[in-house]
Amino acid sequence: MTISGLVVEDLTACYEEREVLRNLSLAIPPGKISVIVGANASGKSTLLRAMSRLLAPRAGQVLLDGKSIHHTPPRQLAQVLGLLPQSPIAPEGITVADLVSRGRHPHQGLFARWTREDDEAVESALAATAIADLAERNVDELSGGQRQRVWIAMALAQKTDVLLLDEPTTFLDVRHQVEVLDLLVDLNRARGTTIVLVLHDLNLAARYADFLAAVAGGTIHASGTPDAVLTETTIHEVFGVSSRVITDPTSGRPMMLPLGRHRTLENASALGPAGEL
Amino acid sequence: MSVSGMSSFSLRADRRSLSLQRGWFIGGLSALLLAIFALTLMLGQSFTPPGDVLKVLLGQDVEGASFAVGQLRLPRAVLSILAGLSFGMAGVAFQTMLRNPLASPDIVGVSSGASAGAVFAIVVLSLKGTAVSFFAVASGLGVALAVYGLSFRNGVAGTRLILVGIGVSAMLESAIAYILTQAPEWNLQEAMRWLTGSVNGAQLSQAWPLLAVLVVCGGVLLTTSRNLTALRLGDDTAGALGVRVSVTRLLVIVAAVGLIATATAATGPIAFVAFLSGPIAARLVGPRGSLLVPAALIGALLVLAGDYVGQFLMPMRYPVGVVTGALGAPYLIYLLVRANKSGSTL
Amino acid sequence: MSLSGATASGSVSGRGGRATKSIMLGGLIALLVVFCMLSVSIGSRDVSLDEIIHGVLGRTDSFGEAAVAMRVPRTLLALIAGAALGLAGAVMQGVTRNPLADPGILGVNTGASLAVVVGVFWFNIYSVEAYVWAAIAGAGCTAAMVYTIGSMGRGGATPLKLALAGAATSIALSSLVIAIVLPRNDIAGGIRSWQIGGVGGASFDRILPILPFILFGLLISFASAKKLNSLALGDELAAGLGERVMLARLTAAIGAILLCGAATAACGPIGFVGLIVPHLCRLLVGVDHRWLLPLSSLAGAALLLIADIAGRIIAKPAELQVGVVTAFIGAPFFIWIVRHQRIREL
């Protein structure tokens, strides 16, 4: 498996006539889990879409292994770069097995011949997401958490080196959020897949990311390890909220505690780094 | 329990049984089509024994049958089948591409465009024959491109395309109705053809251009069928799977419009065939796999059977368009009944 | 709490104070008077001022005066039908929270025509009162049917699904109309009455019977103005504000149906008036239905009058049906709305 470096160079991108990103540059570390965070409408999704070629940039380019993704034929690109968009549509009456099999689309030529390799990819995807027993069920009947796993399985079946996910946990409950993120870690460890995801929950992002990038003002405000990025100053600049950053005792990663006007103890600012008074 | 072992077995078996099922359906539909074709050739105002029918088809001259079979029934049946195949395939292509079973070409303006062109050519320019067909195809394509262009804003959203099509269709329909009222020596048959579709007075010579377009455009649609099926997952997911969404859309539109416009030029806008074939095929064949061929066959069945019913099984002779159009109403009611039960889309 | 600032369908909120709005109302009334005068003066026969005055007063001594006398009921019908359609459109858009709702697009007009046709040809009704009852029944059933079909599946009754359901229903019902009319009418006459609406050939005994229905419809609609303001916020919010949502919707819908049914019974199906007029009025007075509804009725009357006058001028010495003119003005306008408003996907 080649080391896939995804690099964004000087990107200027628009969303519905509005310029959202300007001269943005970002190097995604290969083989790691990277998380993009930012306030609403900061351009996180736009960035992800531009990285997956769904959005044509007004200026700048996105390079995968040194080659511009805009000059790569889409089918070829889809064999190495996969995307799970924010609100995917499941056609009526489609079964889990069928939907996951769609992930093999870029690997199959005009006369869709199903090879052993295709079957194996689908099976291992079903196994990795632990939904093999749901294979015959209709996707519509599944719960939100299960459905999300089906979509991830489809992306897995694509067997790409890079996987982009746009807010995969937004509508899930706590248990399924953690499940999905753990699944991504498994995937990263087992296959070395470079994973880039957009999350809106800062603490989950800090916990699961190897590399964190904060988008603000149309460009990357800060990037690096979660410890480096998640500081009170940065949080204030990117999200406009005061906070205390402590070390999460369960994961050793930084954790941010937002400070509102109410319900804050008098000595909140006196908290130590481990959250102790 | 060996999970991967079991699912591998079921995956491959599942696929095999699906292919078999499809094969049966397509075979069955084709056989049915052939049977009804034979029926229409044999049984009309008079009964012609199969032997005689065969002789006429082979070019021999049989007294009492050559005219009835060769000049009346054969062209009618052939044209019905070709038109039905075209309408059915084009209809399901549009519905799949726009992800909405209600978004069929006869609702979003393509059929109206072709009819308007034809009616204009006949009434205002007093043209006949092939010239009319060219006009119909040209205006059908023109309207489709205009609708496409008008709905273009940072790419074409399916929603906008459909809505613009409905608007354009309304305008064209009233134009057609108006032009028809202005045609003094208009006879019933011709007017019906352009208002609602009819195969009365069919000529075999009309079949050739239809066949040619069917092969070419149908071929194009069949080659894009995989990408078309992928579009059902949404533009983003399809794009992520490597589908060139805009290109596929454009190809499908051009090919489907070509089919519809040519068929409409020959028979008028046979109501609802394009609209119904897809959903009926989906009911029979299931949601998996491409619906292009099954829908085409269903379309052919609808037109062939519809015409037969309209000719012989109704209190008076109705053109096929009225029969198929009348089918639309009960279908919509059937949708209502289903709505109460499952509350889902078609 | 004043709701006049509520931005329901994404258009601009109330402009100007009460004074400005009253001036607009007054201006529109003045415009209407001018149009009425134009309407009685223009036609295939040129008339002098004297003849106009005498004709309006009922004297029919000369051909000119007779011509004018014939234009009076026509003008009146255009006024009344236009007001009814404009108001019905505004109410429908309010009830469905859908910027594309219009009796024509939703197929309600076709349903009304079908009911009348069925009544005339199967039940042999011939009094205008009976026509109106039939039309209203048809309009009601069609509206319910279209709304239900359009609400099926994800997202409820989005503008797109409603428009599609309406278009499909319209085609289906229109085929049925043709099926019924075909054997009994000459084509041109049939098309003229049942496919395109017009105010030609109007007479006082055609107009009088529809008046009570129009009046009722007007009253119910105006009375629903406040309710429509609440409904614009969404069902849940409206209920939270103490509104009985289902009842409010039903009453308003009944008002709209009475208006469409009566207008269609008298004129045949005329589309797009109900679509264009509310949008234009919203640009002038904002989304407060207490102003929007009266303005829409006046604007609707003005629009239909001007369309009829245009139809008489363009096609001199013959005339263009009002339904054709409104379609040609309405469709581009519809497309403009679709392009510039953010229509929810699906």
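Which chain is which? They are A, B and C, in the order written, and residues in each are numbered from 1.
Here, a contact is a pair of C-beta atoms (placed from the backbone, for glycine too) under 8 Å apart; a residue touches a chain by one contact, two chains touch by 3 or more.
As the structure is a computational prediction, the values presented were derived from the model and not from experiment.
Taking the mean of each chain's C-alpha atoms, the chain closest to the overall C-alpha centroid is B. Here B-C and A-B are compared, and the pair linked by more C-beta contacts is B-C. Chain A and chain C have centres, each the mean of its CA atoms, that are 51 Å apart.
Between chain B and chain C, the centres computed from C-alpha atoms are 34 Å apart.
Chain geometry summary: the mean Cα position of chain A and that of chain B are 43 Å apart.
Residue numbers of chain B whose C-beta contacts span two or more other chains: 344-345.
By the touch criterion given at the top, residues 100, 102-103, 106-107, 150-151, 153, 157, 159-160, 162-164, 166-171, 173-175, 177-178, 180-181, 186, 188, 191-192, 195-196, 271-272, 275, 316, 318, 321-322, 324-326, 328-329, 331-333, 335-336, 339, 343-345 of chain B touch chain C in their complex. Of all the residues in chain A, the ones that touch chain B in their complex are 16-17, 49, 52-54, 74-79, 82-95, 97-98, 101-103, 105-106, 108, 110, 112, 114, 119-120, 122-124, 126-127, 132-133, 135-136, 155, 158. Residues 3-4, 6-8, 10-12, 14-15, 99, 154, 223, 226, 230, 232-234, 236-237, 239-244, 286-288, 344-346 of chain B are the ones that touch chain A when the two sit in their complex.
Contacts from chain C toward chain B in the complex involve residues 100, 104-105, 145, 148-149, 151-154, 159-161, 163-165, 167-169, 171-176, 178-179, 182-183, 187-188, 191-192, 195-196, 271-272, 320-321, 323-324, 327-328, 330-332, 334-335, 338-339, 343-346.
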